[in-house]
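Common to both upcoming complexes is subunit A, partnered first by subunit B, then by subunit C.
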Partner chain A sequence: MMQTSAALSPFTGLMLLIAFSIVWVTLGWYWGRNNKTFDDYSVAGRNVGMALATATTLATWVTSNTTMVAPQLAYQMGLWGMVGYSFGSVGLLLFAPMAQRIRMLMPGGYTAGDFFRLRYGPVAWRVFLCISLLYGIGWLVSLGMAGGILIQALSGIPYAVGMTVILGVCVAYTLLGGLRAVIGTDFVQTILITLGVAILGVLAIRRIGIEPMHAALSAERPELLNLLLPVSLMFLFNNLLFGIGEIFHSNVWWSRAFAFGRGVGFRAFLLAGLIWAPIPIAAGFLALGAPVLGINVPAPDMVGPLVAARLLGATGAIFIFIVVFSALASSLDSLLAATSDLIVQDGYRRHFRPRASDATMRYAAKVTIVLLGVITWLVCLPRLTNLAAVLHLTGAFVASTIWPVAAGLYWKRVNPRAAVWAMILGSAAGLWAYFGIGFYVAALTGAAVSMAIILAGTLLYPHHFDWATLDESRDTATAGPRTQAGGPT
Partner chain B sequence: MVSFAKTAAYGLFSALLSALTVTGEPTSGVPSAQDLWLEPPTLKADARTSATGYYTLSWDAPDTPTGDSISAVTLFELQVRTDADVWRPQYTGPDRATTITGMPDGRYVYRVRVWRPPQPPARDPAAARHLARSSGREEDFRAGPASAWSIERTVDVRHYGLVRVVIILAVGACVFLATLVLVITGHRRLQT
Partner chain C sequence: MILPATAFTVLVIAAVILTAATPVILLGLLFRDLMKGTSW
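For the complex of A and B:
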């Protein structure tokens, strides 16, 4: 067990936890009170406007990982670790045109699983579901762990207690309001996060100073300033491709593409990507202040909160607590909603209850959200590894979906079998790289193998695809909602 | 040398104290609370070799039968030695782990010991934590006894070679640029 000093008393931490728990749950109930149909609950009525769309995209991508793993990577890999993490914005930027394409091709779609099922057939769809669910659970676990670590670092409240409360609160308000509640709370959380990170970055520079920071790093951690540090160069494109893979495949982003009003997706993703890019740099910058401040870092994923608390004292720790709690909640709720959608739509309805009624689907979604919360809690409880390790293990899988998704959206001739093998062999190669070399090459290896297979399959065995197949709403328009769209495949 | 003499003197003192205070217990065979009090910590490293320049060291000292309040009032002193053969301070404080990052190629040897306060351990956990956290009270610990040094742990840092890095960078750049071209050309073709 690691023993650290906390900036807040457990009582203050507990009061903050309770106060924000009440705020989020109340807002979740308020925004979700008018949900009438499953469309309202799962894709927020498909008419989210520009401001809310940009805010929810930004807030969801600014996760507790941005505020905790970015400093960790800066602390471990120096300047390129920090900059490399900010390349995660490229995923949002590239998804902007794809969101427009998705909305156009699939106006009645619900999940990313719908795309794989209709574009590549049942085998590719099921392989995709395995990858996506694994990633969803991995991300949920990393968020739950981040919550527990943060609260412990800042207030001394035991890890298990903090993690349990944060998970419980997010489950509660997602349960009450569905995607509407998620998007609404994300808007408030975005304001808190961007203001908070901006103030923190400025304070870090003003209170520490660039020169003392540089001097301390040069003397004690010289490799953190080395722009040719081998591990950080290896990590650079890995993180970029990991971010792209996360966004391209995850139902968190597909559900937003379906939920945003027509013409909104492109601009919202583009704007959110541009605003997001400097946030990990500001957060990562904090970590480079640890040596000059003489802060001991027992676990690398605690460096952000520890430096922030030292810089700003007890009042600042309250401030950090609110910012990171917001970042964490905004991602946890989105992930809970999107993963439950995927399970209910692609698992429950498509496999077992193709004619499930609207009410049944809403009930199934709620049960799934609770179950996801319980599973995440059970995996988080033993705190088996550090945050970056959990997160990057999933990189091996998600990067293998980049080419099946992107080529499948733009190229008619992609071979469905190639898509299946691209995901399977890409994931296997990524895992081999993860365990054989290190986490910093897992996504890159998975993406490279997957791309090679898609290119070879498409060139050697081209397959013709009719884009109109992706639009299931034409069938449902004639046969009524939720009766025709869901035949088992 | 002074430190050794102090440690030895305290060891003798603590043995006497133990014999006097732990009444009703056999004095041979079973380690007393005071013996455990000065047992050297166990030092661990999460890697013997590091190609990344970062690694985590952790250590622990056994708790005495009186519980957490004792383990809380503890100061650990971690030292590092490189090829120069001179021990330098790496960390002093109550934490039980540290993450070392940004290290250049080389061999790094670590050792740790524990300092205990001269006063009898606080029974009140809150007071104990306060003492442990207070950086201004380091001298309180220094006035007390120290354990012997732990067994040394060595970590060899050897960064990845240039050829491997260049290959991985080149593969990453190719995959990224190809993805970029795919999305941009696809989007532009549809726009026109």
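For the complex of A and C:
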């Protein structure tokens, strides 16, 4: 990718970086200035409305991958590459009823870890924490690296500078405003991303035309229009399960389920899933214009910016730069906030300081956000090239949590030991498949083994569970302030 | 099995229109939430 000549000058890129950095940090400070409690900071006061809830869900799921990898997949796998990518929305759609149930069962919850601790006990909780932190940090590092690489590819700004700026800006406004800042900036970022993608799509249709694009593809690369291309179909199913696993287990989504107002979660996740689905297609089909425009594509992951730059010149490159910067920031900030919550709530408070005051928790959250930023920066700095593969590896782990989460929310009799073994053996089987067969079956195998263990373990050894156990706010209401809640169960 | 040109056209145009509609939908929802005082 580095060999590609940049579409923007470093000066223009730097000006855009500085301008947007100032905007995000100022907005983050503004929206977070009235945070008074840990609830305000970590779950945005638990009363986020429909518009902000939908936008933050959408923005978090639109990563730099959606805008950069969707065109790459369309270029490499054709139709099913971009349509398969849009199947990532299924995770959001399936999580919609779960978000409502989570909010109802756990009105005072903070993290996905709270659910595992109360539903399955300390062993399952700690296994889950290992999986979730591994995934969270893997995703953070991959986003930080993607930021540096994309900013360099688009504008020629050195990798270390771009990566440092995007990480530093996201840490700064998440630190200043917590989840309120994240959700507020996500709204603005969603508008920018969708407007940018739509404008580029309209221009591509007007300047290239859809039928000439179809004719050129039919003549030069007909396999891209093949509805039965095997590799694309395998990608589709793996992507589907990976996406479901990512959403079901990750605290990024659980913290939103806790933050959205009553009755908002279901509608917000449903609407976000529906309006997310067309974005990878609208961004991805740009790449199919490359054969018509006669563009030589030296690296498939740069096909989107190359087509945009050819269609619109420097203006197109600026559009792509803004879209990518917004997409990166909207996911990085969410991940910083959600991972910090998991570390502070499940690690610090539950393991070491069960009686930590509200002010101590807020302070701990801020320190954790800074530390996460520094650790991510240090790992990103050497620019290890195999980190994308590491993130794919986490597919085996996250898919093994799908069944413990879904069954645990709806099925009273799920055996806690089955949940533990489902995660451990599901992850092991997924890893075996990853190394033994290929990345495209890791999530599928992890989910299948996990399902078999949950079903067999629960049908053979059913367990009774009282849903009321999940509502810790009842205990704290009778025991006094929230800080009286106990340690590990 | 090659996707016909008409289906390809419908797919692409629908995706672009729906993406373009997203900011309108979100701004409309925000306006409604602000009027009702339920944005946060």
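Operating definition for what follows: the second predicted complex is superposed on the first by the 455 of 489 C-alpha atoms of A that agree within 3 Å, B and C clash if a C-alpha of one lies under 4 Å from a C-alpha of the other, contacts with A are read in each partner's own complex, and residues count from 1 in each chain.
Basically, a residue touches a chain if its C-beta (ideal position, glycine included) is under 8 Å from a C-beta of that chain, and two chains touch if they have at least 3 such contacts.
Note that this is a predicted model, so its numbers are computed, not measured.
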item: Partner chain in contact with A:G49 - subunit B first, subunit C second, else both or neither; value: second
item: Touched partner set for A:I281, first subunit B, second subunit C, both or neither; value: second
item: Subunit B versus subunit C as contact partner of A:F187, first or second or both or neither; value: second
item: Partner chain(s) touched by A:I402 [first = subunit B, second = subunit C, both, neither]; value: first
item: Which superposed partner A:I453 touches (first subunit B, second subunit C, both, neither); value: neither
item: Partner chain in contact with A:L58 - subunit B first, subunit C second, else both or neither; value: second
item: First, second, both or neither for A:Y410, with subunit B first and subunit C second; value: first
item: Touching partner for A:P222 - first (subunit B), second (subunit C), both, neither; value: both
item: Footprint overlap on subunit A, comparing subunit B with subunit C; value: 222, 225
item: For the subunit B and subunit A complex, residues of the former touching the latter; value: 51-54, 56, 58, 72, 91, 93-99, 101-104, 132-133, 159-162, 164-165, 168-169, 171-176, 178-180, 182-187, 189-190
item: Subunit A residues touching subunit C - in the complex, by the definition given at the top; value: 44-45, 47-52, 54-55, 58, 79, 83, 180, 187, 190-191, 194-195, 197-198, 201-202, 205, 210-211, 213-215, 218, 222, 225-228, 261, 271, 275, 277-279, 281-282, 285
item: Subunit A-facing residues of subunit C, complex; value: 1-3, 5, 8-9, 11-16, 18-23, 25-27, 29-30, 32-33, 38-40
item: Subunit B-facing residues of subunit A, complex; value: 1-5, 75-78, 94, 97-98, 100-101, 217, 220-225, 229-231, 233-234, 236-238, 240-241, 244, 296-300, 303, 402-403, 406-407, 409-411, 438, 441, 444, 447-448, 451
